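Going by the order they are written in, the chains are A, B and C; count residues from 1 in each one.
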Amino acid sequence: MTDADTNLSNLTTLWLLLGAYMVFLMQAGFALLEAGSVRAKNTKNILIKNLMDGCLGALVWYFIGYHLAYGTKDSCTGGSDCNGFVGNGADVLMNKAAELAPLGNAGSGHYYAGWMFQWAFAAAASTIVSGAVAERCKFGAYLAYTAALTGVIYPVVVNWGWSAHGWLSPWTGTEPFLGANGMIDFAGSGIVHMTGGVAALVGAIFLGPRTGRFSPSGECIDMPGHSSVLVALGTFILWFGWYGFNPVSTLAFEYMETAARVAVTTTLGAAAGGVTALSIHYGFTKSLDVGPMCNGILAGLVAITGNCVVIEPWAAALIGAIGAAIYYGFSALLRKLKIDDPLDASSVHGACGAWGVIAAGLFAKQKYVLNDYGAEGGADDYGALYGGGGKQLGNQIAGVLAIIAWVGITSSVLFGVLKYAGMLRVPVEEEEVGLDTSHHGGNAYNFEKELDSKA
Amino acid sequence: MTDADTNLSNLTTLWLLLGAYMVFLMQAGFALLEAGSVRAKNTKNILIKNLMDGCLGALVWYFIGYHLAYGTKDSCTGGSDCNGFVGNGADVLMNKAAELAPLGNAGSGHYYAGWMFQWAFAAAASTIVSGAVAERCKFGAYLAYTAALTGVIYPVVVNWGWSAHGWLSPWTGTEPFLGANGMIDFAGSGIVHMTGGVAALVGAIFLGPRTGRFSPSGECIDMPGHSSVLVALGTFILWFGWYGFNPVSTLAFEYMETAARVAVTTTLGAAAGGVTALSIHYGFTKSLDVGPMCNGILAGLVAITGNCVVIEPWAAALIGAIGAAIYYGFSALLRKLKIDDPLDASSVHGACGAWGVIAAGLFAKQKYVLNDYGAEGGADDYGALYGGGGKQLGNQIAGVLAIIAWVGITSSVLFGVLKYAGMLRVPVEEEEVGLDTSHHGGNAYNFEKELDSKA
Amino acid sequence: MTDADTNLSNLTTLWLLLGAYMVFLMQAGFALLEAGSVRAKNTKNILIKNLMDGCLGALVWYFIGYHLAYGTKDSCTGGSDCNGFVGNGADVLMNKAAELAPLGNAGSGHYYAGWMFQWAFAAAASTIVSGAVAERCKFGAYLAYTAALTGVIYPVVVNWGWSAHGWLSPWTGTEPFLGANGMIDFAGSGIVHMTGGVAALVGAIFLGPRTGRFSPSGECIDMPGHSSVLVALGTFILWFGWYGFNPVSTLAFEYMETAARVAVTTTLGAAAGGVTALSIHYGFTKSLDVGPMCNGILAGLVAITGNCVVIEPWAAALIGAIGAAIYYGFSALLRKLKIDDPLDASSVHGACGAWGVIAAGLFAKQKYVLNDYGAEGGADDYGALYGGGGKQLGNQIAGVLAIIAWVGITSSVLFGVLKYAGMLRVPVEEEEVGLDTSHHGGNAYNFEKELDSKA
């Protein structure tokens, strides 16, 4: 390589590392958002889960998940050795395990930085689930689903959608399996958020609602979280981290102008989502509450994630606003169905994740589709609302359905087995006293009596 | 462009984006600082306002404010079509609104990244006000002043001081309107902080003090905030974010060595401000309290913002220390005048903002003035204390007075109209029960009885 | 310089600045970790100390410490004028003080950015101590030890290990004084963390345990901190900041691929540390507590810091796991010895810091030792477990012992003098009522009665 090439390569490495750090910080955002949204007596429980998502997630992703997602067999030079279902990770895994240095693509230029970036995404996907199963899930069950999600379920979806051999991937170097541009899911509305959100929904259904969540007559009883400050701070940190999640998904320093545009669409999506959810909630309740506004911001962010690179700024605001409405409606629907998702994780990440993928099929502007990635003149297939035909929209819907099916089925098996083995839910007494006292060595907070008496 | 030019351009984009993200994170810092400084019963209220500053601010800044600040008419090629008062944003706005893609300078290289950076600044300016009007301002009034500030009042000041046509701007490419170096306000001690601080003061005056803040005999009664942890964490995050605010205001990657020097002066200003305020407070009260120290750090940061690029490190420490003293004195003065600014926003951002602009006229070192921006040999006018004459100092004072006049008058009209329309202040019963209960769906905190009884 | 050289130089400046900002944010992480780990009545006290570590640390480091660490006499061109004990800082200091612009190496390319990065490290070193002496140390004593640590004790260690003339340094440009590769301590397991940790241990010993920490019969009585949320958030922020601490310690943009590898080893060390500590604690207590898990993550990070650049990923996980076990065991040992270190700072930073330095002598892979820094073919001396001989391991142990001796002796003198002058520990009444009430203007938290009654 010439010096200039080295420099550019190093710049891409820097870019990926900064993105990885920012997305990693989202773990702190999720931890705070979730801690603030549960009752004080289950605070330590949710914190431990979020810490473990980073820790266990790193080990599982390093030794297993990454290889299933992106691993390539030595014999893969095209053809059947490069299947589009689980990559060739299993093979890579076996070979590399022997060496105790399992570096899927260690030879490639940005292996380490790329691994960092992908690890942070994997940890985010599994953290989403912890919100939906909060306040009643056994720790062993948590360990099982986190390992399964980070090790198998999520890597397969990544392989489908982002790897060089995936059947949904636009990055195959040849005509995608589905034609058109494959499935456009730039930073993972579907691949990351919907995957987490669908597993979250399945977990919430198998666990059943928290004790006392629905009255005998079937009414939903409000169970407010214990700290709006934690919810708001978590949201701010998540929003900040999303600037790693979306713009850095350009994956190469050359596309920095594209990244800047992605930062703007991300911002407008979040902003419109927040304003919309607060307005809707105010319309229904006349209260300006922190929780719905924060979830609206997150709904906007999730909705924009998959399409932020192919849309115009005005569309970003619209997609974010619709995302907020979808979150609000889906959340109401779940309550009606007596499904208890304490964090609205399935509404925010699942429903809005699906919307984000579909929105790419509606709003993708011709000149942004692939064009920024080297091709001249724009793609033949693009957003249906721009007159780009129905093929791309069809692909998007196909991708959404495929991911729902894969994640829905595998996580149903997982949570089903855990449930029928009695390993899924804590006994009601432990739930009532709170998980912190029953499992985590006591309360998360200790305000001394001296302090209380002065207050 | 050659590859090298593209690389450099992309590096500037990266630089601006990182700055934007860090300044955006300051919203979280402000939210925590303000939440910790108000009583617990108004926590959600202040959180919602800070979240809205980011959200509503983004939409207003995207569709209106940015154009007034930096918009350029097609017909502007110099001369009267390029007026120095509100740019030509109104014209741009009209043209672009039709296209539903309102990109003021979309053609220019760093439009998207530049917009991101400027958006974060605009949100900061409007957030400052929320501190001064905390605990008693109606939400409708908040929406009105935020929209007015982000959409009109602040953009006009930006246009004056930073645009290519502003009458205070050093960046006109020709002799500035005021001569010498125009007004030196590098990262916005005056343009951002004083603008926010003056509007904050006007808001606090029109609203009147919180119920119970002054005894019938006129004594000021202490109303401590509810969490020093939030105050300290907010301050740390603000300090961190300021490394985006100041160093990235070099705006181009070429000036990275200058940015590093700015990081050092910023650090020393903050450090000296913190130590000074803690010392003064200890001298008066014999207590080492968190609030004054944090405000001292912020006072140092505000004071250094406008001049950090033109001063030597030792001067940075001095300017920060004086800033802390000014904050402390101005805050005492306001209490004497029975003006209630719960966050000391007008002292920290207003008074220290003015000091920061003036300090540039005193301490600007010849070789740093413009020299780093391309000119050879240093400017003819520089800091009065270095023997640089009185012209620059005069310009600085003129700029301060002009900004005070513009912001003071417009925000007086705004808050005045709101007040006489009865839309400004909540009823005293709502204030006493707390805004969270009366407007935001209940308390910000819910510590269960189980938990309390164990504490 | 050519344009390309300037660009590369600016990239290194950017790299150092980003590292500095991230390591600075670790101050917030330490503040939260420590605040959450002490009782509520001492919250403000610990916050003020952490704020002061940044503020006072900046001033002392700017005017004194940095010169002792890295200062070079004009007359130093090799030979005795360039001694390896305290650099030539004293001389530099005297010369420069006269100029009121004390820039040790202001001429060199990255002076300002380098200073920023080093300042953040110095602040971290002194913050470590505040945890061990928490809840009972006088503020004057705190000021004394912070100034001594930042101004003298720590700079000397830095000079030994990292400067161009240090007797332990691999960066002398010639054969290191100790032979082999000098002491390998890449980002400072020993130089930063063990220095802080040893001073912390000495402070804890001289202060004696908190009142009530040990029962008359000698049993250790649990004194839980007041907020697990603060502990967890602090840990996340520290982990995030560590990506500045370790990868940016490559110090030059050219080594970006190395930095990416360092990010991965850092991640695996943290992850393995967290999982291991939680497992050990669960094994002993059957509780899954937040504190031990967070300390395990930090133990892993401290352990990996000195060797992250010379080891393979699998070794990173192993070193982190062993680090967690060492923290857990050392902490138990201290409790047995009736030494009270409220934050386990001496276990996490001291014991694991020593382990991190020694681990480099065991696990350093030949091709990573110096090789990434320009030499061809790898070093002659490397990890003993790879067959690299005992010389490097011997150097590592010698370095550890030397740092322990220097820091142990100087801080014993310091804390000893403070103790016998009666300036070290607050009276027992003040300790019992809490430092916040007795010294810091009242409680850190104020939850109004209205709020309590609703809770």
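What we mean here is this: a residue touches a chain if its C-beta (ideal position, glycine included) is under 8 Å from a C-beta of that chain, and two chains touch if they have at least 3 such contacts.
All of these numbers come straight from a predicted model, not from anything done at the bench.
Trainee: Could you report, rounded to a multiple of 5°, the rotation needed to superpose chain A's C-alpha atoms on chain B?
Mentor: Chain A sits rotated relative to chain B by 120 degrees.
Trainee: Looking only at residue numbers at the chain A/chain C interface, is the share used by both copies over half or under half? Answer same or different.
Mentor: Both copies, chain A as well as chain C, present different residues to each other, with under half of the numbers appearing on both sides.
Trainee: From the mean C-alpha coordinate of chain A to that of chain C, what's the distance rounded to whole Å?
Mentor: So the centre of chain A lies 34 Å away from the centre of chain C.
Trainee: Residue numbers in chain B touching 2 or more other chains?
Mentor: In chain B, 4, 7, 11, 18, 227, 445-448, 452 touch at least two other chains.
Trainee: Within their complex, state which residues of chain A touch chain C.
Mentor: By the definition above, chain A touches chain C via 3-4, 6-7, 9-11, 13-14, 16-18, 20-21, 24-25, 27-28, 31-32, 35, 43-44, 47-48, 50-52, 54-59, 62, 100-101, 103, 109-113, 115-116, 119, 139, 227, 230, 439-442, 444-448, 450-452, 454-455.
Trainee: In their complex, what parts of chain B are in touch with chain C?
Mentor: 4, 7-8, 11, 15, 18, 22, 39-41, 224-229, 232-233, 235-237, 239-240, 243, 247, 253-254, 256-257, 259-261, 263-264, 267-268, 270-272, 274-275, 278, 285, 287-290, 293-294, 297, 312-314, 317, 433-434, 437, 443, 445-449, 452
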